[in-house]
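By letter and in written order, the chains are A, B, C, D, E and F; residue numbering begins at 1 in each of them.
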Amino acid sequence: MRSDGRQFRDLRAFAVTLHPNKYAEGSVLIEAGNTKVLCTASVEERVPPFLKGQGKGWVTAEYSMLPRATHTRNQREAVKGKLTGRTMEIQRLIGRALRSVVNLHALGERTITLDCDVLQADGGTRTTSITGAYIALALAIHKLAGTNAFDKYPLTDFLASISVGVIQEQPVVDLNYEEDSKAKVDMNVVMTGAGAFVEVQGTGEEAPFTRTELDEMLSLAEEAIQKLIQLQKDTLGAAGERIGRGKA
Amino acid sequence: MRSDGRQFRDLRAFAVTLHPNKYAEGSVLIEAGNTKVLCTASVEERVPPFLKGQGKGWVTAEYSMLPRATHTRNQREAVKGKLTGRTMEIQRLIGRALRSVVNLHALGERTITLDCDVLQADGGTRTTSITGAYIALALAIHKLAGTNAFDKYPLTDFLASISVGVIQEQPVVDLNYEEDSKAKVDMNVVMTGAGAFVEVQGTGEEAPFTRTELDEMLSLAEEAIQKLIQLQKDTLGAAGERIGRGKA
Amino acid sequence: MRSDGRQFRDLRAFAVTLHPNKYAEGSVLIEAGNTKVLCTASVEERVPPFLKGQGKGWVTAEYSMLPRATHTRNQREAVKGKLTGRTMEIQRLIGRALRSVVNLHALGERTITLDCDVLQADGGTRTTSITGAYIALALAIHKLAGTNAFDKYPLTDFLASISVGVIQEQPVVDLNYEEDSKAKVDMNVVMTGAGAFVEVQGTGEEAPFTRTELDEMLSLAEEAIQKLIQLQKDTLGAAGERIGRGKA
Amino acid sequence: MRSDGRQFRDLRAFAVTLHPNKYAEGSVLIEAGNTKVLCTASVEERVPPFLKGQGKGWVTAEYSMLPRATHTRNQREAVKGKLTGRTMEIQRLIGRALRSVVNLHALGERTITLDCDVLQADGGTRTTSITGAYIALALAIHKLAGTNAFDKYPLTDFLASISVGVIQEQPVVDLNYEEDSKAKVDMNVVMTGAGAFVEVQGTGEEAPFTRTELDEMLSLAEEAIQKLIQLQKDTLGAAGERIGRGKA
Amino acid sequence: MRSDGRQFRDLRAFAVTLHPNKYAEGSVLIEAGNTKVLCTASVEERVPPFLKGQGKGWVTAEYSMLPRATHTRNQREAVKGKLTGRTMEIQRLIGRALRSVVNLHALGERTITLDCDVLQADGGTRTTSITGAYIALALAIHKLAGTNAFDKYPLTDFLASISVGVIQEQPVVDLNYEEDSKAKVDMNVVMTGAGAFVEVQGTGEEAPFTRTELDEMLSLAEEAIQKLIQLQKDTLGAAGERIGRGKA
Amino acid sequence: MRSDGRQFRDLRAFAVTLHPNKYAEGSVLIEAGNTKVLCTASVEERVPPFLKGQGKGWVTAEYSMLPRATHTRNQREAVKGKLTGRTMEIQRLIGRALRSVVNLHALGERTITLDCDVLQADGGTRTTSITGAYIALALAIHKLAGTNAFDKYPLTDFLASISVGVIQEQPVVDLNYEEDSKAKVDMNVVMTGAGAFVEVQGTGEEAPFTRTELDEMLSLAEEAIQKLIQLQKDTLGAAGERIGRGKA
């Protein structure tokens, strides 16, 4: 039994509020227990310089924590004058993961930026950001599709993410902050609706882990991610119907 | 009549949600129409270098807009690597205004940082930040008082702020974004519960304004701010009872 | 009586030296007591990106203090690697104030940059910068007019600025550094030749101020600014004759 | 058969030159085919602020590519004024991996910084940096041990790293740059001498991967890393004898 | 004959105004033709970290040009966010040159910072800065000496600097901007009152120069610098009398 | 006799390894005693903005030391976020020196960047960089010439550099780090194959130097540089044959 009463394969309570922002083309407030992330999708009809004239679009992400998202206040990165390595690593991960289910040619010469702003953090902010940003992205693409922007539907599959770890020899899923800080292994997994892996990032800084532990963590993640993808389908409803239909 | 149906002396709907953040010593979500600002107060038991050893505390503020708080997406200041002049100006204003009703000696050698993060912007973000940050500050000081941190109660008065302007020769109060962009004068006023002025900042970049217009705007602001201070009193309830009692 | 013998409505000695710089299109050394500011106007035949192709010009300002303009040496902002909030606030104010009396369409697609470099500071550097920069701007526009650059004369009015404050319950005008540091209220006022307000910025960080004090300060400022505008007219002579004639 | 004639489980030619730098406490030039990384270990008798007074040491890494390490010249990060996200991600990985086999309490209050400077890049620079930096670290610790700096030997195990990927459905090990750019999956694995995992980072940006492909890649990595650890043992000789003996 | 009527060994008109700044411990406005540099010496009773506790002082310099010191406006370094290479090179040169005639032990644990701000530039700004900064430094040391700050007088000699160059095969001294831009060689020389060299910096980017040309330029510089040192002696009067007397 | 057994006019052992980098258009590893510099020449078919459309090319240099090139580790400039003054000064010197022997019109609209990365430093890194970078530049130009890129051969002469100094009244050549730190004068000289001076930079921060000392140092430098140019000729062989033939 875990400190908050969950079994090792239980997810925390996940809640998704659609359209919390009245300007963004897609927006979602996603909550995983006490972790709360505001995700907005912004569409711009231009691409970064390295993609100009290639008939392709781009999907990218930015991640930030409000200064008091955590137990003690952190200095703003805007005040430091630069992004931390942790932030860069996370936003590169989110962008890469989302692009794996977008047909950039079908998207056309436009950029969708997913902003993931953590209002409150209690573990799993990067995986929750991916799961929430996917919904905001799907909403924005659904909205664009309503203007006949696409020949092929650019979203090729669903996508969600979860953390897994090993605490006192027991693999567990969806760690909160307290669990995270005592886990010997910390792994983040991103998978598609079809059940394929997009990212597997496991770190055993405190103690290395065995192949058996790795296998058990992957199985826990697979099970949890399929639940989250079902949640995404339920939440999106009609806005998710065309996902995967335009696949090459 | 104004575009949203208000009379020239009407405030937008103001809503205050207490404690949206479970870690901060004080926190508030304040809404003025479609403008939404999350304000947190963080207490740290240390002071900036320039105050060390003087037996005084410090109150300071930081202000930021989420990238998609506005109609189109803005680049993050953390990505630009520096704060814009507008941000610096606003956060200096918020901090200065709040300090005018804090007895820094009574506060003792601690710092309270007010973070004002604009989730959605529809005009009046700086004045709404001041009004909301005051409540977060009052909550944090009330909480500290519960630990017998103070001899004298450090909050000497209530404090709120509103914008006023002149649109087509008519002074109006609490402008939304659409009104703000067509106003010839833009003025922000901060006042105390006792009805004294703390800040008066009026700008006639588009067209200069007369002494009469200035007087009318000040009167509109006075009336509006007393309504906001009543809202603060109602919202704070018992947490606001000792405000002003420790005044020297 | 004030520490330097002035009455509360007296200005310090103001002196203006024209053309201290042989390269700038307009330049002025302005002295207000011991405050000395070198103001240059530089004309460039291009506009910032946000104005391209609109047939309008731009007027902007930069402000800086030499490191030893003050009692003790300050670190250069170029060494810090960024402008302070104070500098940004001041240069935004100067630019905004000057633009209020420039018809940017009449100016045409060119930029005039006013550099205000404080050689020595004894209070009132921002208001003195505005008053001096206006003269440098007028000289540059007069020079451009000599090349038939304009259909309409772009300067629509005179413009000057002064500080006012409250010291020991007495409103006073044009505070020097020593007075400034003991004033409970600090206000900067910018007005046009026609007697309209362009900027009113009053701050009561040390103690809030009453409506009566505000009114008295505004009256002192009005009187002082009209004296400064007369000084500008006398100094500019023929170079100021067409000011206001091209007004729409 | 691969473009350079290797079988899918073959490593490139690895070469290690000890002591290329006469000042560093440990140094190595490691070559993996055309990839060449200069690794130096620098010992300093102090720890970062967050570790002060805890009786523990620190091991950290920095990574950089010379501007012409690659086919075309890249701008220096010192000229850009900041580290790229890629660099930050890599140096965080190297440091974290190395710390997993160091007993920081046994190390005592000192910092060892591993600088990994890529002189020439042909794929696998981050994994080669880890494998080489480990040897430089081992040399520095061996040297410190010669001065009786330790009660317990701080290195608890060997550690090496390799890349694996999937090219045209075939899992392969130790990809060069050309292979890397056409692989659909890119995975980096770090393991200890005891055969446990320290880091597993797999990315399927181009195409997601199956559990079977993941398993095959992990097996290839395990085999390759054991070969590299043997190379480390042979290279270090007597300098590696005490590794693992001080384990708690 | 040169474009401004001078012979090849003639200096421009040099003028020195003492005490233009009322706060600085020493200050000078130096003019060499149309080149005008404001030099202030600021004394602080502390030393940089690398000198702490050594019983020695420090002399350092900063150099900057006002944006419109030149024919066309230059962007401020504070706006760029960093010093240019040219500025760094010049201020390192000024500091190094001045330190060569200061006995840092005799100075005691204090820092003197020489700020050289170019108000108007017409060639020779770095050499004029050195010659002027020396006088400001001498004034500050003389003032300190009046408070019995020293056992030994810290200034060991006079020091001045001039530029020389080769224009159309003719070595000339003290080049103005127009001459500077057509010279094939550009050399700056710093010498002491005793006639020894402190800095010799010659650059033949446009065309290399011969040993003979080098010798002639050095002789021109020697002659000119002795004139400038005489000017320094005349200007300083009694304030320069103890210079060189405290030499070890 | 010097500490390493050399006579005052003896160079250290110089060694040049051609083509250490397989991507660069020209590359050299140059060693002067224990000083080791990797020099690469990168050709790009574009010019900096200030040269666009002038039919001229550009040659520029960047210089950097690896963090552990020296006795103790130095912080990376990329981590500091800016180049030091020393680095800027050195890379400006290298670029300027190389351009003095390149006919930029003959080079055509392309840029050659010389990267000088110091792997190990034992005095003379800037002069060794110049001597080595020249060879890398010559290799790159020779390679371009093989593609008939030029009408005229752009290299107009050979070029090398050496340091000289005065130790205990004795002028000496090619100082190592230990000598450098006890020399009273430090001078760097750059000369062409024809025996003309390109740069002479002498600094007597510790003690000024006489004209006689200057003359002796220049003579030592002349002799040493001719030896280095002979080394360049021997090393380049056929790749150096056309140097100087295209001179106007």
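We adopt the following convention: contacts are C-beta pairs under 8 Å (C-beta built on N, C-alpha and C of every residue); 3 or more make two chains touch, one makes a residue touch a chain.
Listed by chain with UniProt protein names: A, B, C, D, E, F = Ribonuclease PH.
A quick note: this is a predicted structure, and the numbers were derived from the prediction, not measured.
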| item | value |
| --- | --- |
| Neighbouring chains common to chain B and chain C, by label | none |
| Most distant chain from chain C, judged by the mean position of its C-alpha atoms | D |
| Most widely separated chain from chain B, with each centre as the mean of CA atoms | F |
| Turn needed to bring chain D onto chain E - CA fit, degrees, nearest 5 | 120 |
| Interface residue identity across copies chain C, chain E - same or different by half | same |
| Approximate Å spacing (C-alpha centroids) for the pair chain A, chain E | 60 |
| For chain C paired with chain F, centre-to-centre distance based on mean C-alpha positions, whole Å | 51 |
| Centre distance in Å when chain D and chain F are each reduced to the mean of their C-alpha atoms | 34 |
| Set of chain C residues in contact with two or more other chains | 81-83 |
| Chains in cyclic order, anchored at chain C, direction fixed by chain E | C, E, F, D, A, B |
| Touching residues (chain side chain E, partner chain F) in the complex | 82-86, 88-89, 91-92, 96, 99-100, 187, 191-192, 194, 196-211, 214, 218, 222 |
| For the chain F and chain D complex, residues of the former touching the latter | 20-24, 27, 34, 38, 40, 42, 44, 62, 64, 66-73, 76-83, 87, 113, 115, 117, 119-120 |
